[in-house]
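Shared between the two complexes below is chain A, which pairs with chain B and chain C, respectively.
Up next is the complex of A and B:
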C-alpha cells in the first residue's frame, strides 16, 4: 500500500532484528497512531476517514506482530523467505516432546484437582521456558550467526509453549468461573 | 509575533467556529450530558438544577411521554407503562433476561430484540432509549443555545456488537449524530487522568446500575491505551436491590406480588441500599396495595452477607483482565472507582483488599463518565487545538465464524486494539459446491450455541470446483466504535459479498426508517424535508472538511490542475446545496469524495512522515 508499510519494522522506523528496543517500539507506535487514528479524522471527508482506518489498522497489526516475540521471530523469518510451517512441520527433538508431555499431564492433574496454585506455578515454569527459547532466538537471528533453520525450529517450539500457556490460562479461567 | 484574527461582528469565522459537542452517559439507572466550556468539562443541568436524568420513560394515557424524575415518581402507580433500566434489554432477546419474573413488563419475544407492550403500543428498547437521549439532546441544545454537531455516547466496555449497534440506532432515532461510541471505563480514565496528569497503569473498576466493567489502561503523555477489558453486562447495582427485595419477600412471607407492589418494593430496596452506605441499619416500612404493612429491620452486616457473592462476582473479570494484560498487582499505579454502586463500603473494601491499595474516589462516580465523554467529544468535533489526546481501545469479546460441527473458529481475539482487521481463508466441503453460508458469532466459548449470533449471510456464485479447491477469504473489520463489518471473497473468481453486521440482533435499516418516519408524523413532505436537511448538513460538513484540508496542504500536495479539479466538484456541490434535490446533493457528495481520494492518500502519507520527522528512519531493505 504505502512505502513505509512494506514491512512492519520500517513502518516504525526500527531495524529489522529480533532484539528490538520495545520501549522505542511503544513510543513510535503511539506517535504513529497520534497521526493516523480515526479520532483525528472525525471531521474529515469520508475518503480521509477510510484512509485513516486503513492506516490505523495496519499500525495495530504491525505493533501486535512486533510486540509478541514469537510473532516477531516468525515474521522476521518470513521476510527472509523462511516459513516456519507450524501446522505441517511437527517434528520435534525427543527431549522437547517428553517435556511437553510432562507439562500436559501436570496441567491436567492440576485442573482435575482444581488446584489454582499448581496451575500458577506451572505458568511461571512455562514462562521461564519461553524466555530461554527467546534467548536462543536472539542468538540464532543475530547478525553474526543467522542460523535460520535453527531459528525456525525455535519458533515452532515457542508456538507449542505459547499454546500450553493459553491452556493453563483457560483452565484457570474455568476454575474461577 | 502572530497577530490575532478577529472576525467582523455578526460574521462567523467558519470553519474555525466552536462546534457544539456533548458527551452522553446513557446509564441503566441515570443518564447525564456534559460539555466542555472554556476548557472545563461540566455536566449540564435541567431547569430545576438536576444533573442526573433518571433513565425512566413513561408512556401516558393521553399519548404524552414523560422522561426522568416525573416518570420515576409514577413507576409504582403505572409500572407496566413506566420503563426503568431499559439498558438491560438493549440488543437482548427474551431468553437472555435471567430475571424476567421480577420485571413488571409485558415482554414480547421478537426476533433479534425483546420488545415491551405499553399503552402507547409495542416499544423496542431502542425507542425507549431514544426518548432518554432526546431529552438530553433538548437539555443540551437549550443550555448551549444551538443545534448539536454531535455527541460521544458511552457504552459499557463489555457491550457486544448487538448492544453497541442498538445504542447507535437509538441515537439516530433521537436525532443525534454519533461522533463515537466510547467505552465507559475509558471515558472515566480520560476525566480522571487529565485532571491528575497521571502516568502509568491504572485499573478502572466500573460498577453501574446494570453493568460491570473492568478496564486496564496505560496512560502515557496524553495517550490512553486500553491493555485489557472484561466484565459482566448483566451485573450491577440493580442486582443488589434485587437481593434486598427477595430478602423482604422471604422475611415478610409475602405471596407473589402484583406489578405495583413489585415496583414499590424494588424502589424501597434501592433506598435501603443507599441508606446503608452511611448507616448501620435501616427500618423498612411499606404499605402494600391490599393494605398489608411490611415492617422489617436490615443491618449493614446482613446486607454485606446477602450480597457478598455479587461482590465476589466482580473479582473474576478483574483477575481475567489482569491476566490478559500480562500484569501483576505490583504493576498497578492506581484503582479508579466509577459508577454509583461503588459507593457501597463493602465494594470499596473488597477492591482495596484485592489490589492492596485504597481505591481513588476523588471524582463523583456518577459524573466521571459523562465528563470524560465530553472531553472526547470536544476533541472529535475539532475544538481542541493542542491535539494531544488519543484513546486506543480494544474489542471486549472475540469474534469468530461457525465451522463444521457447530464449532467456533476465532478470527479476532478479545482485547485486540481497534480498529482491527483480520482475514481467514475457508474452503468448500463438497464437490461442485456453489454457495457457502457464513455465520458470525461473538464470545469466548468453543460452541456456536454458547456464543452470541451476530449475523448470517450467504456467499453465492462460487464457481463449481472439487471439494477443498475454492479459496474463500473472509475479512472482519472492526472500526473505532467497536462495530463490525464483514466481507467475503472467493479468491479465484472474485465473487464478493459485503455486509455491515446488523440482522440477527440489531434493527434492519427498514425498521429504523419506519421508526424515524413515525416519530416525525410520517407526512410525505416531512420525510423529504428531513432527507434534504440531512443531505445538506452532510454536504456542508464535507465542504468544510475539504476547504480546511486545501488550506492546509493544497499548495504543497496538489498540482494546480489537481486542485482545480477538486475545486470544480466543490463548486458544483456548493450550487446544489441551496436547491432542494437531496438525491442530486448526495450524488455530488459522492463525486467530491471520489475526486479527493489521491489528495487524502497524500495527506495521510505526509502525516505519517511527520510522525517521525527529525528521526533517522532506518528502513532496511530486506
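Up next is the complex of A and C:
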C-alpha cells in the first residue's frame, strides 16, 4: 500500500473507499485548484511557480481518477497491489461476452437505420448495466468482504460497458449534428 | 493509424465470417474479449473424425486489426489438427499482419480465441465420451 499521505484519496481528505461523496470531492478539488492557481504565484519565484504547476497537474490527475467510478475502482485495487490486467486478460464469462456482441449488433443496426430513439434506449440499458456493476464493486471493495479478484473482474466488465457507452454517445452526436 | 496491406485486405474481404451450430458436438466455440479496447471475438471450429479442423468461422466486433487477426486465423487453422493450432502464437499473427505495437493485443485476442475454442471442444467431447 502506498503512503497514505501521497495517495489520491488522502490528497482530497477522503477515505480510501469505492463509495465516496462526489460532491465533497468536487468541492475539495475546487479548493485545491484555487490554492495552487498560477495567478496566485504571479510574483513567486520560478521554483515556486514550477512547484505550483506540478501540484495543479497531480491534483487534476487525482481528481479525474477518483471522479470516474471505473478508474476509482482500478486505483483502489492498485493501492492494494491487485492489477486489473485489462491489456492481457481476455477470459471474460461467455454470457457476458454474448451480451456484449448483442449490444454491439443492436448499436450497429440502430446507427445504420439512423434510429436515435433506439440508440437512446440502448444507452439507458447500458447505463443500468454499469450501475449494477458499480453496486457489485461497492460490495466487493467493501471492508467486510474485500473480494479483490472479483472486483478486478468487475472493473474489466465496466471497461467494456464504458466503451459501449462512448460508442453510443458518439453515434448519437453524429446523428444529431 | 496506417494499416498494413494485409490488414486492409482481411478487413475489406474478411474470410470465413459467420456462425456454426454451437450445439453440434463436433463444433468448439471460443469467446474472448479485450477489456482495454472493448473488442469481442467469437471463433468456432468444426473438426472431422480424424481430429482435423475442416471448417472455421468468426465474428468479431472491434478495430481493423482485431478483424484481420481473426480472419487470418480462420484461414490458418483449417486443415490443421487441434495440437497443431495450439502452437499458433500471437507473435506469428502480429508478424504476418505487420501489426504495430499498440495493436499487438488484437493478435493476443486471436490466439486466446483459438485456445478457448479448442478447450470448449475438448470439454464437449470429454463429456460425450463419459456419457457413452
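One rule holds for everything that comes next: the second predicted complex is superposed on the first by the 171 of 177 C-alpha atoms of A that agree within 3 Å, B and C clash if a C-alpha of one lies under 4 Å from a C-alpha of the other, contacts with A are read in each partner's own complex, and residues count from 1 in each chain.
The rule is simple: a contact is a pair of C-beta atoms (placed from the backbone, for glycine too) under 8 Å apart; a residue touches a chain by one contact, two chains touch by 3 or more.
Predicted, not measured: the structure shown is a model, and the values here were computed from it.
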Figure out whether A:90 sits in contact with chain B (first) or chain C (second), or with both, or with neither. second
Which holds for A:146: it touches chain B only (first), chain C only (second), both, or neither? neither
Let me test your reading of the model: by the given contact rule, A:113 touches which partner, first (chain B), second (chain C), both or neither? neither
Determine, under the contact definition given at the top, whether A:60 touches first (chain B), second (chain C), both, or neither. first
Tell me the contact category for A:175 with respect to chain B and chain C: first, second, both or neither. neither
Tell me which partner A:42 touches in the superposition: chain B (first), chain C (second), both or neither. first
Looking at chain A, does chain C or chain B touch more of its residues? B
Enumerate the contact residues on chain B facing chain A in the complex. 179-180, 220-221, 223, 225, 316, 319-320, 323, 376, 379-382, 387-388, 390-392, 416-421, 477, 479-480, 541-542, 544-546, 549, 592-594, 596-597, 600-601, 603-605, 607-608, 610-612, 615-620, 622
In the complex with chain C, residue positions of chain A that touch it: 84, 86-92, 94, 96-98, 100-101, 104-105, 155-157, 159-160, 162-164, 167
Taking the complex as given, what residues does chain A use to touch chain B? 2-4, 7, 9-10, 13-16, 26, 28, 30-40, 42-48, 50-53, 55-57, 60-61, 63-64, 79-80, 169, 172-173, 176-177
Which of the residues in chain C come into contact with chain A in the complex? 31-38, 40, 42, 59, 61, 105, 108-109, 112-113, 116
